[in-house]
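Heads up, there are several structures right after this.
In the two complexes below, subunit A is the common chain; its partner is subunit B in one and subunit C in the other.
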Partner chain A sequence: MQESLRRNVFVRELLSENQTLRLFIITALIFVAFSLLLGERFFSVRNLQSMAVQFPEFGILAFAILITMLTGGIDLSIVGAANLSAIVAALILTRLSGDGGAGVPLAATIPLAMVAALAVASLCGLFNGFLVSRIGITPILATLGTGSLYTGLSYVITGGPAITTTQLAFIGNGTIAGVPIPVIVFIVLAIVFAVMLNRTSFGFNVYMLGTNPRAALFSGIHNERVLMRTYWLAGLVAGIAGIIFLARANSAKPDYGATFILLTVLIAILGGVRYTGGFGTVSGLVLSVLSIQFLSTGLNMLMLQLSGSSAAIFFRQFAWGALLLLVMVVNYYVEQRRQRST
Partner chain B sequence: MSDAIVRLSGIYKSFAGVKALQDVSLTIEQGRIHCLVGENGCGKSTLIKIIAGVYPRDSGSVVINGKEYEDLHPIDSIREGIQIIYQDFSLFPNLTVAENIALNEELAAGRRFVNWRHVRRVAEEAIAQLEVHLPLDARVEEMSVANKQLIAIAKALRQNARLIVMDEPTSALTEREIRRLFTVIRRLRERGGIAFLFVSHKLNEVLEIAETITVMRNGQVVSSGPAEAYDTARLVFEMTGQRIAEKAYDYTPDLRSPALLRVERLSVPGALHDVSFELRAHEIVGVTGLLGSGRTELALALFGLLPIASGQIYIDEQPVTIHSVQDAIRHGVGYVPEDRLTEGLFLEQSIGRNIVVRTIDRLRNRFGLIEPKQVAQQVNDWISSLRIKVADPALPVKTLSGGNQQRVVVAKWLASNPRLMILNGPTMGVDVGSKNEIHELIKKLARDGMGLLVISDDIPELLQTCNRILLMRNGTIVEEILPRATNENELAAKLIED
Partner chain C sequence: MSKIFRSNEALVAVTIVLLSLVIGLNNPTFFSVGNLFDLLRSSIVIGIFAMGVLIVIISGGIDVSFTAIGVFALYSTTRILKEFMPDAPIWVGFMIAAAIGLGLGMINAFFIARFKLPTLIVTLGTLSMFHGFLLFAIGNQIIRDVPPAMDQFARSALVRIPLERGVANLHPAILITAAAALIVWLLLNFTMLGRGIYALGGSREAAERAGFNVPRIQYFIYSFVGLLSGVAGMTFGSLARQANPQDIVGMELNVIAAVVLGGAQLTGGRGTVIGTILGVLLVVIASNSLILIGVPAVWQRVVIGLIILIGTGLPAIQARRAAQGGMRSI
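Entry: the complex of A and B
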C-alpha cells in the first residue's frame, strides 16, 4: 500500500502539480520531433533566428491574456488596442518626420511616438477596466465590444489603408548582442511579470481576487482597484505589442494580427492558466509561447513539403482551433483525476 | 448476514499522506435508522463518499446487498439503491418541484420528449409517500431549505432508494421543521423499510432518532451499538475523548470608561432601524435573533458592506464613517463572515496564502517585494499559535476540516491586529472539540483587550462565551440579556417569540 501510495503521489505530481515540468517536456518533445522529421530545415541557425523574430509579436500579447485571465476575466480587445496604438505612432512618425512631414528630427519623434502609443493603449486598458470593475460588465463582453470599438477607431483614422513607415525598422530588425530586440522586449516583460505576480502585493491580490472575488472583498482587497490596474496593464502590454507590430511590419493597419486573439488564448490555456482565474504562471506561459512557435513553423514546413502549396496557412487556423479544444478536454480529464484522488 | 445493505470492513483512506480513515468497519442494516456521529474532520464525510463510490478506498472491503465491490463507482452505488443527500441537495433551482423529482427517471427512460402529465403524476406519488404538502409547480429556488430537503428525499425515493444517507440534515432547519423531517423519516422506515444513515453532530437529535449509533474520532470507529446504550455525556466523551466543561466568560465592563464602539440609531432601509448599543474593550457581546432579524445585516453595516441610511457609528467615541471594507479595516474592525466557504476563504488557494492575505503588505523587504521567508514565518506562527492541524501549509485550504478552516479565517484577521472583531456564526459546522477551542480563543482575545461581537443562534455558545447578549427582532435590538440572569430554555423561548 505504501509503495502504491508513493507512486500515486509521484504520478499525480507529474500530471498536474508540476505543470511547468510537464510543459517543458512537451515543448522539448515538439522541438525534437520536428527536428527529426524536417532535419536541417527545422534544426538550423537560420530557422531558429527566423522563429525568434516571429514569436514576440503574439508572445508579448499573451501577457495581457495571462494577467486578465488570472483575475477570472479576459481581454479580447488587445489586438484592436495594439493596432490603434501602432497607427497613432505611425501617424506621428510620418507627419512629423516622414517625407513631406514637418521635418522634426527623428530623435525627438521616435520617443514621442512611443509615448503616444503607450498612452493610447493605456487609455484603452483603463476604459476596459472601467467597464469591468465599475459598471460590472462581464469581461468577455466588455472587451469584445471595446475591441471592435478600437478597431473601428483605427479605420476612421486611417480610412482603411496601411500607414507605412520604416522609421522603427531598427527595432524590428535590430539585435543586441546577437539577440533580436523584440525577443529582448519579450524577455524583459517575462521577468517584470514574474516579479510582479510572485513578489508584489498587487500580484498576490490578482491571484486571490481571481480565486474568489467575494472572499477578496471580505478580506479587504480593493477589488475595483486591482481590476482597474489589471486591465490598464493589459492595455499597456497591447501598446508595447503595437510598437513591435509597427517595427516588424514597417506599417500599421487596422486589421493586423486578426488571428492573435485565438492564438494568445490558446497559449494561455496550453500554458496552464486557469480561465476561471486564480492559477497560472509566467514560466508556463513562456514555455507555451515557445511550443506554439515550434508547432507553427514545423507544421508550415510539413504542409509545404507534403502538398507543395500555400494551403498551409489555412491548415494552421484549423490546427490552432483543434489544439485549443484538445487542451481543454485533456485539462478536464486531468482535473477529474485529480479530484478523484484528493 | 443478508440483512445488511452496506457492510464495510477494514477501510483505509488517506489524502496527501494524511490518514482520513483507518480500519473503519460499518454495517448498515435494512430498515434501520443509523446515526453516524463525530466531530468535523473525524472522517464522516470521507466515509459517506466511499459508500457513494465518489472516493476510491486505499484498502478494505465494500459489500453492498451481499455483493462485493472491488472498485465501486457512483453508478453502482445508485443502482444498489443508495441515495446520498448532501447539504446542498443537488437540486436544479430553476426547475419546478415536479421536474426536480421526476425528470431523472424521464431521462433514464431515454425518452426524447417529456411527458408532462407523467412527470406530474410521478411527483405527486412521491410526495404523497412523504405525506407532506408541496406546491408541484413552484420553482425550487423559491422553496425553504426544509422543503428542498423533502424534495431531495422524494427524488431519492423515485430512484428506488433502499438506503438514504443524509449529511447534516438539520443544520439549517428550525425546530418545527426538524420535527417534520423526523416524522417523514420514521414513516418511510416503517412503511417502506428504507434504511437511513443520518450524519450529524447535534447530539440531542441523534439520541432522539437513532436506532443504531456509530461514533467516529480521528478517522476511526471508536464505538458502535444500539442507541439505548448512549446518552449525551457518553456521546461527547466518545467523540472528543475527554469530558469538556466550559467556564462562562464573566466580565463586568466599567461603564464610565470610553466605549470602543458606540452605535447610535443606526438604520438601513429594509434591514435595520434604530439600532443602538455600546461595546467596550474586554467585552464579548452576543448578538442573537432568528434569520432575518437583522443580525447579519448589523455586521455587514459595521463592516462597510451595507450602506447606512441614518445613525452614527463612534469608534473610541470619535464619529466615523464606514462606507467600505477598507474604512472598517482602517478603524480596526475585523469580520469573520457567516459563510466560511464563499466569503471567508479562498478554497483553492493554499492555507498559507489564506492566512497572509490581510497582511501581505507588511511582509515586504526594503525593495517593496514580498519576502517568502517572512511569509513562511508568519504562516507557521499562526498555524502553531492557533493549533491549526495542517499536513503542509502549501495545500489548498479546502483540504482542511471545518474547525481548522475557521481557524484559518480567524488567523487571517488576527494577523492584522484588529481592535474589534465581529464573528458571525464562529462555530457553524465546527465539531465539539474545535468549538470549545474557538470559544477559549475568543475569551482569550477579550482578556487581552479586544472587543468582540459574536453573532450566533447557538444558545449554549452565547451563554458560555458572552458577558452580554443583545436580542434582535425585526431589524432592531429588543432586549439586552445577561447570561448569568437567564438559562438555556428561557433564552431559547425568547429567541423564537414573535
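Entry: the complex of A and C
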C-alpha cells in the first residue's frame, strides 16, 4: 500500500510540471542504472574523468542550438562554422609557429589564432543572422545552405586532409584545480547564458520573440536586431567549440563531428527546449548534456560487453535517433495531460 | 513578359543555357552525345529523390532521412536477393526495395502525422535511426558481388550510339525517373490529394478549415517519399553494381538544393515538377562539369551551399518586396 503510494508520488514527480526536477531525476537514474549494470567500469574516477573531457565538445555547441531554438529557429551550420574556425586557428598556429613556420613565438600566435577563430565564427553567425532576419529565409534552409558553404570553405582551404597541431593540447588536456579546462569553459558559458537569458533585456526579448514574434514586434522589440544577435551568438559559441575541437583532437578537419547536429538537437529537446520557441532553460540543457554523456559512455560499454563486435558503435547512432523520437512522443503526452488538467 | 522572367523555371533554364555555353566554349566535349548521356545518367538517382523531396517541401515540411531510407532499402534488398532468390529478375528487387522504403517512410509518417511533430527534427532522428540500424543489425561491409540481375541491369542500354571511341549508352533507369516525374506531376496537378498538399504548405489551418484531412495527407506524403527513396536507392546500387552501406547518405543537400532551386518553397505551398527537373539538371551540371571550366572539385560543397542560398534567397527577397509594395499602396 505504502509502497504503491510512494511509487505514485515518484511517478508524479517524474511527470511533474517542474522540468528541471524531472530531468534531474532522469539524469540521476541513468547514472545509477549504469553504475549498477557496469560496476567499476562505469563508476570509477577514471571513467568520470574520461567522460568529463568528452562532453564539453558537443555540450558547448548545444548552447548555440538553445539560443536559436528559443527564437523559434535552428542553426544547422554550427558544426560547419566550428570546423572552419578550428581550421583557421590551426592554419595560423602551423604557419606562424609550427615546424618550418615563420618562427613567431607561441605566446603571440596562440592569442592571435583564438581571436581569428572567434572572428571567423562571428562572421559565420552574422551571415546566418543576415539571411534569416534581413533576407527572410527560413532558418532551416538558410543554415543548411550556410552549413554546406562553411564546410565547403574548409575543404577549399585544406584540400581535404586534417591540419595537425599539438600547440593547443595544453587546453585540451590541461586542468585548473583538478577540473579539465574544457569543462571550465562549459561552466563559464552556462553561467553567461543563464545570466544573459534571465537577467538582461536581450534575454527577455529572445523569449518574447520566440513566444510570439508579432506581439514582440508590436511591443517595440526590434525583431531583426534580436535575431541578428541570436545567430551571431550561436556562431560565436560554435567558434569556442571549434577551439575546443582543435585542442582536444590536436587536429582540425572539415568533416569532424558529423553526429553533433543530431546530438545537440537531441540535447535541446531532452532538456525541455521547445522547438517552436519561447521556452527552455540553461539548467535543463546542462542536465541534458550530462545524461547524454552518461548514456553515450554507458551504452557503448554495455553494447561492447553484450555483442563484442565492432558494430556496437553503430548502435549508438540508432539509439540517438530513437531517443530523440521517444522524448518528443513523451513530451506530446505530457503536454496533453497538462492541457486536460487545466 | 516580365512575369515569365520572374518565374524561377525561366531563371533556372536561362542559367542552364548560359552555364552550358560557358562550359561548352571552354571545353567542346561538353556538347558531345557521350557527355549528354553521362549527365542524364548522373541525374537519374537525384531526380527520383527530388520528386519525393518536392512533395515534402510543397507541403511545408522537410525530409532529411530519405537518403538513409534509400541506402537501407538498397542494402537490405541486395542481401535478401543474394540469400533467398539469387536468380530473381531485377523488377523483383525494385519491388522489395520499394516495399522496404514504404515501410520506413510510414515510420516517418506515423511520428509526423500522429503526434504533429516538426518534420525536420523527426527526420533528423529517423536518419540516424535507420542508418544506425542498417550498420548495426543488417551489415556494414560493402557487397561487391551483387546478384546477376543487378549486374545485367547496370550494363543495359536504352539507346546505344557508337562513337569514334567506344559507345555512348543511355541507361534505361532514366525511364524510372521519367515515370516518377510523371506520377508526381499528375498527382500535384490533377488530384484532390495534390490540391491538399499545396493547401497544407500554404497554411495548415486553412487546409484544415477547407476540409482537408491533414494527417491523412501527411501519411501519404511521407510514405510515398519512402517508397520513391527505396526505388532511388535500388537504382543507385544497380547503376554502381554494388551495395555500400555508407553510400547515398550525405547526398541530402544536393537533392534539397535542386528542389529549392527549382522554385519549391518551404513557406507558401509552391513548387513544380518542371522546375524541379531543371533544378536537378543545373545541380548535376554544376557538380559534374565545373571541373571542365577550371573550378576544382573541392569547391563543390561551396557551390551547393550557394545554390541553396540563392534558391531560397531570391524568392524571399521578392516576397519581402511584394509585402513592402503592398504596404506602400495602402
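Points to keep in mind about this one:
The rule is short, and it goes like this: the second predicted complex is superposed on the first by the 327 of 342 C-alpha atoms of A that agree within 3 Å, B and C clash if a C-alpha of one lies under 4 Å from a C-alpha of the other, contacts with A are read in each partner's own complex, and residues count from 1 in each chain.
The criterion applied here is as follows: contacts are C-beta pairs under 8 Å (C-beta built on N, C-alpha and C of every residue); 3 or more make two chains touch, one makes a residue touch a chain.
None of these values were measured; they are calculated from a predicted model.
Judged by the touch definition given at the top, the superposed model places A:Val329 against subunit C, while subunit B stays out of reach. Within the superposed three-chain arrangement, the count of touched residues of subunit A is higher for C, of the candidates subunit B and subunit C.
Touch criterion met: A:Phe279 reaches subunit B, while subunit C stays clear of it. By the touch criterion defined above, A:Thr200 reaches subunit B but does not reach subunit C. Legend: residue contacts after superposition of the two complexes on their common chain; A:Gly147 is shown touching subunit C, with no touch to subunit B. Applying the stated contact rule after C-alpha superposition, one finds that A:Arg214 touches subunit B and leaves subunit C untouched. Under the contact criterion defined above, no residue of subunit A touches both subunit B in one complex and subunit C in the other.
Those residues of subunit A whose C-beta lies close enough to touch subunit C in the complex are 74, 131, 135-138, 140-142, 144-153, 155-156, 159-160, 259, 261-262, 265-266, 269, 275-276, 311-312, 314-322, 324-325, 328-329, 332. Residue ranges of subunit A in contact with subunit B, taken from their complex: 1, 5, 9, 195, 198-201, 204-205, 207-208, 211-212, 214-222, 278-279, 340-342. Taken together, the subunit C residues at the contact with subunit A in this complex read 62, 111, 115-118, 120-122, 124-133, 135-136, 140, 253, 256-257, 260, 266-267, 296, 298-309, 312-313, 316-317, 319-320. Residues of subunit B that touch subunit A in their complex: 12, 14-17, 54-56, 58-59, 305, 325-326, 329, 335, 337, 342-349, 353, 357-358, 360-361, 364, 368-370, 399, 412.
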